[in-house]
């Protein structure tokens, strides 16, 4: 009998999967808050989080309809839509400026992008990172040809500290940097926005066109709940972090509290928006798309109106 | 079914080809009486084994008919006892299970006690639970022979059954075979290359000379039974033997 | 080296064990004269092949000495012609290359023409370039025999060389062997289970009765050479044969 | 077992050398020492054994089970249909010479991060040895024995069950013994490509944590799974082929 | 070749079904059609054949070459030393039952993104079949033939060259035929884990570009490499074992 009622309980909720951009860390606190505090349930949602094994899985699985939404990177979304016609829509902007910084070992400091010439730079197999390096090196008057780019997939930190590469791009100022520091590896970083890279949205949420058609209501409900989570995170960042930390068990990505606290502090200003958390601005998409076009990463700027939906509070 | 004379088996105008233009049997007729022991001798590749394959039903004559116990039979599978040249025991079955194979074909709930009794008759009760590879060559031949008799047919075809035995075991097996034949009262057709063996064992020797086989020459063995090996050393038999040997001294290249 | 009588080979008080307590040879002495053809008969497992293994140098006597051509030899490998029971040809070598093996042991630049001439002598020139699997059983035996003669030794040991041949081919090979022996004038020791074969071929028959072998009974074959097979049918030989057969009618189980 | 003495000795020497080397080099995220791995294994034993091992084991069992059903069915079909054999056998053989595993990433797109993407990789990698083993085994049936059973009047299905299936077993088990370690590898590769639990997933994930011992610990368990499964197959084989032993 | 008619037919049917399915589904990043793959292959032929193929081929050749030298040497050493055999053989067999490939990511840490990390994976995966093939082959030498050659006075090294090595060839080639497709898989897996060029790398990279046809195109070439290498081994084998044929 109790099993039967359990089934009914579950049927009440709409099942949803969200693939994070990475293993859970401070940037996802609001999601875990929303889950823990029951905000999703209030909206009638049963949300499951997945973590990608492949850097591109959040986008490709969202596009293939294997997950409801995926967290991805604005420039990469634009490329996928423009170049391959991947049928996705961006539904929310989560982090509104680049976290992706160029990280180097402090014993071999790199003061200016010009010094990247002749160095080995590790990146996680995403071409955008090549463009970032190209943009900052060339804006500093250097030549991209002289930079040695190495695909290291997810092993950014390990390749840097094991001296397989001299610097990495694709590492996050809010994660890898404090993480490496806490492990005693002294590192420095360069913010690409300082050298000509547009301040693109680091993290957006995407879904497939088909999923949007079918589950628009639920997706909107999702972001209502997420906003509540974000409000909570903003006001009680320590408690929000604790909720995240409680979520992790040994099976998950073990997090360092100090690292994550620093991360939240870096993140909060980059996530906040006057218009409301997760809202999107067409201008940001246009600016980024044009930068990509100028760098030959896309041939045509896609129709932004079709690409994004702005879910207002 | 045409009822013919009461022969154990009869070929009537049988022709057979494996690959059509090349004929192996050409309108061959012969018969074997009930209770007779007949040996077939002839050079390699003339078609002796083919005659057996036809008899047991693995091949069908292109023309002509084959009669078993006077009845014309087209489906002969399971009706003739056949003991191939190699002992061909199934290696993962114990002796008793190997022996029971022809019974399993007819009836999956055969009488196990019956099999054990037969094993006893053949002096094989001690090895009933052994695997074939635990047996000596002579033993395996006896198991194979017993199995052939369990088809229930009174006609047994033996295709060079002793050719791979050493000389001593062979002598022993020949005598054992005669004993069994005496007791079971079946008809036996026996292919061999060994003239002494044919003389010692058979009532008649069928001589095959050429392919395609059109006729078979029948030679009566002038010996009474029971026989003993010394009789082979009598001058009349030595003459018969040498005559046969000379006829078959094939070109060995 | 002690110079002894001029025997082709001699065992002097030879003892041998594979697994120490169990003795195979016990102070065995015997000899074979030059040019003699000797057959060894005896029940299975008595140690006939072991005598050969000692002779060719694959085993060393635990006690006693072995003499070849009157000289005491401890390293006998390569000095005695040995033809094993199976023909043991190397399958990826052509006939001529197989035959040349004993020469390669001594000298890597042997005379190819010499090998071809020997092949001709043995009627094998047509198959010189064939692979062993392309040959009939009788052919392979001949190749193996020729190879054994090329060790250059006048002593040839043949371990049941014809046991796996069919009866007809065997008769043919026996006659061929006698011819070769006549021509090469070597001494031959021949292990067999077939009494008729031993009688037809040898000057003497060595009879082995029990393990450990302490002595060998020698029986002269009362036949002049050249022989023909009909002589085996003479009453005196038939008696000798039956006597030997009765002695060896082993228990076949 | 005295005959394994040298192996055990060599293995010990290798482990000690590794331990010493690891201590000398002292960068545990590149080269953790056996001791560190053992400690990590002990620390993580609950989560590894209760959470990740069952996930991986489910993949392996499902993959092997489907491969077995599919492989045996296709082998039997090929055995009975000349046309099927001529059509499929060359393709099966050829498929073995191509790096079919390179297709694995596609499965993630087809099946998402469900168990099925990993099961598919496992099937892909185990299907061939099982099918070929079974088919070659059926084909190896002694033709003369088969004819003999026909002369005893046994029906086609009796001959199949009493002769052909038992004849196929040795070759089938050879195939299975190849497939079983492969299944572990298939599950691990599948988990690298997309998973949320499983030993392969955990190992890869520890890599991103610079936790060398954590990378090796699940591999040790995976190896153990491989060895245990292999031994299970050996035991089953021994049972079915017990007539072969002395 | 009439006997391959059904295979070719089946293959064609499969390709056509795939093409039709792909057109119906019409999401080329999940399921590109054979036609799209062919077109992509043609477009990319220069960069694939001139840049990535040589990189992968270098990995395969180096890996196979080292495996061959090492494997043959160890097989011979085991053949001549009972102690070595007893120490190594059980470990070699056991190593086959464990998912040793799961260690591949570690190589990236040890060798960086150089060719050696991929070569190491290739060696890891090809070493075993070559060693075991050679060793089992040497061990399969007919003992009676060996003794016969001793009685002819041949020395130990003559017997090794004239008898044992040729006796080992069939089993050695069986091992090599297993190793060759494995080497292609090893190189591809090695390249997934960290590389800057190579067909495996390119395929994975196209995945990040959502270019389905681009994922498959290098796999087609990899398959081709596998088949060609396999045929080369078949030809060499046929040459050495030509005495076996009719």
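Brief remarks follow.
Order as written gives the chain letters A, B, C, D and E; numbering starts at 1 within each chain.
By definition in this document, a contact is a pair of C-beta atoms (placed from the backbone, for glycine too) under 8 Å apart; a residue touches a chain by one contact, two chains touch by 3 or more.
Keep in mind that what you see is a predicted model, and the values were worked out from it rather than measured.
Within the contact network of the assembly, the step distance from chain A to chain C comes to 2.
Steps from chain B to chain E, minimised over paths through touching chains, total 2.
Common neighbours of chain B and chain C under the contact rule above are absent. The count of contacting C-beta pairs peaks for the chain pair D-E. Its C-alpha atoms fitted onto chain E, chain D is found rotated by 180°, rounded in steps of 5. A straight line joining the Cα centres of chain D and chain E is 18 Å long.
Chain centres here are Cα means. That of chain A falls 39 Å from that of chain E. With each centre defined as the average position of its C-alpha atoms, the distance from chain B to chain D rounds to 50 Å. Chain C and chain D, compared by their mean Cα positions, are separated by 53 Å. Touching of two or more other chains is recorded for residues 29-30, 105, 109-110, 204, 207 of chain D. Annotation for chain A: residues 54, 60, 64, 155, 158, 162 touch two or more other chains. Pairwise, the chains that make contact are A-D, A-E, B-C, B-D, C-E, D-E. The touching residues of chain A, when paired with chain D in their complex, are 19, 23, 50-54, 57, 60-61, 64, 66-67, 154-155, 157-158, 161-162, 183, 249-251, 253-254. Listing the residues of chain D that touch chain B in their complex gives 142, 144-145, 147-155, 158, 162-163, 166, 241, 243-244. Looking at the complex, you find that chain E touches chain A at residues 27-30, 105, 108-109, 112-113, 193-196, 201, 204-205, 207-211. Across the complex, chain C meets chain B through its residues 44, 136, 138-139, 163, 166-169, 171-173, 193-195, 229-230, 233, 235, 238, 242, 245, 248-250, 252-253.
If you check the complex, the residues on chain C that touch chain E are 56-58, 77-80, 82, 84, 86, 88, 90-93, 101-102, 104-106, 131, 151.
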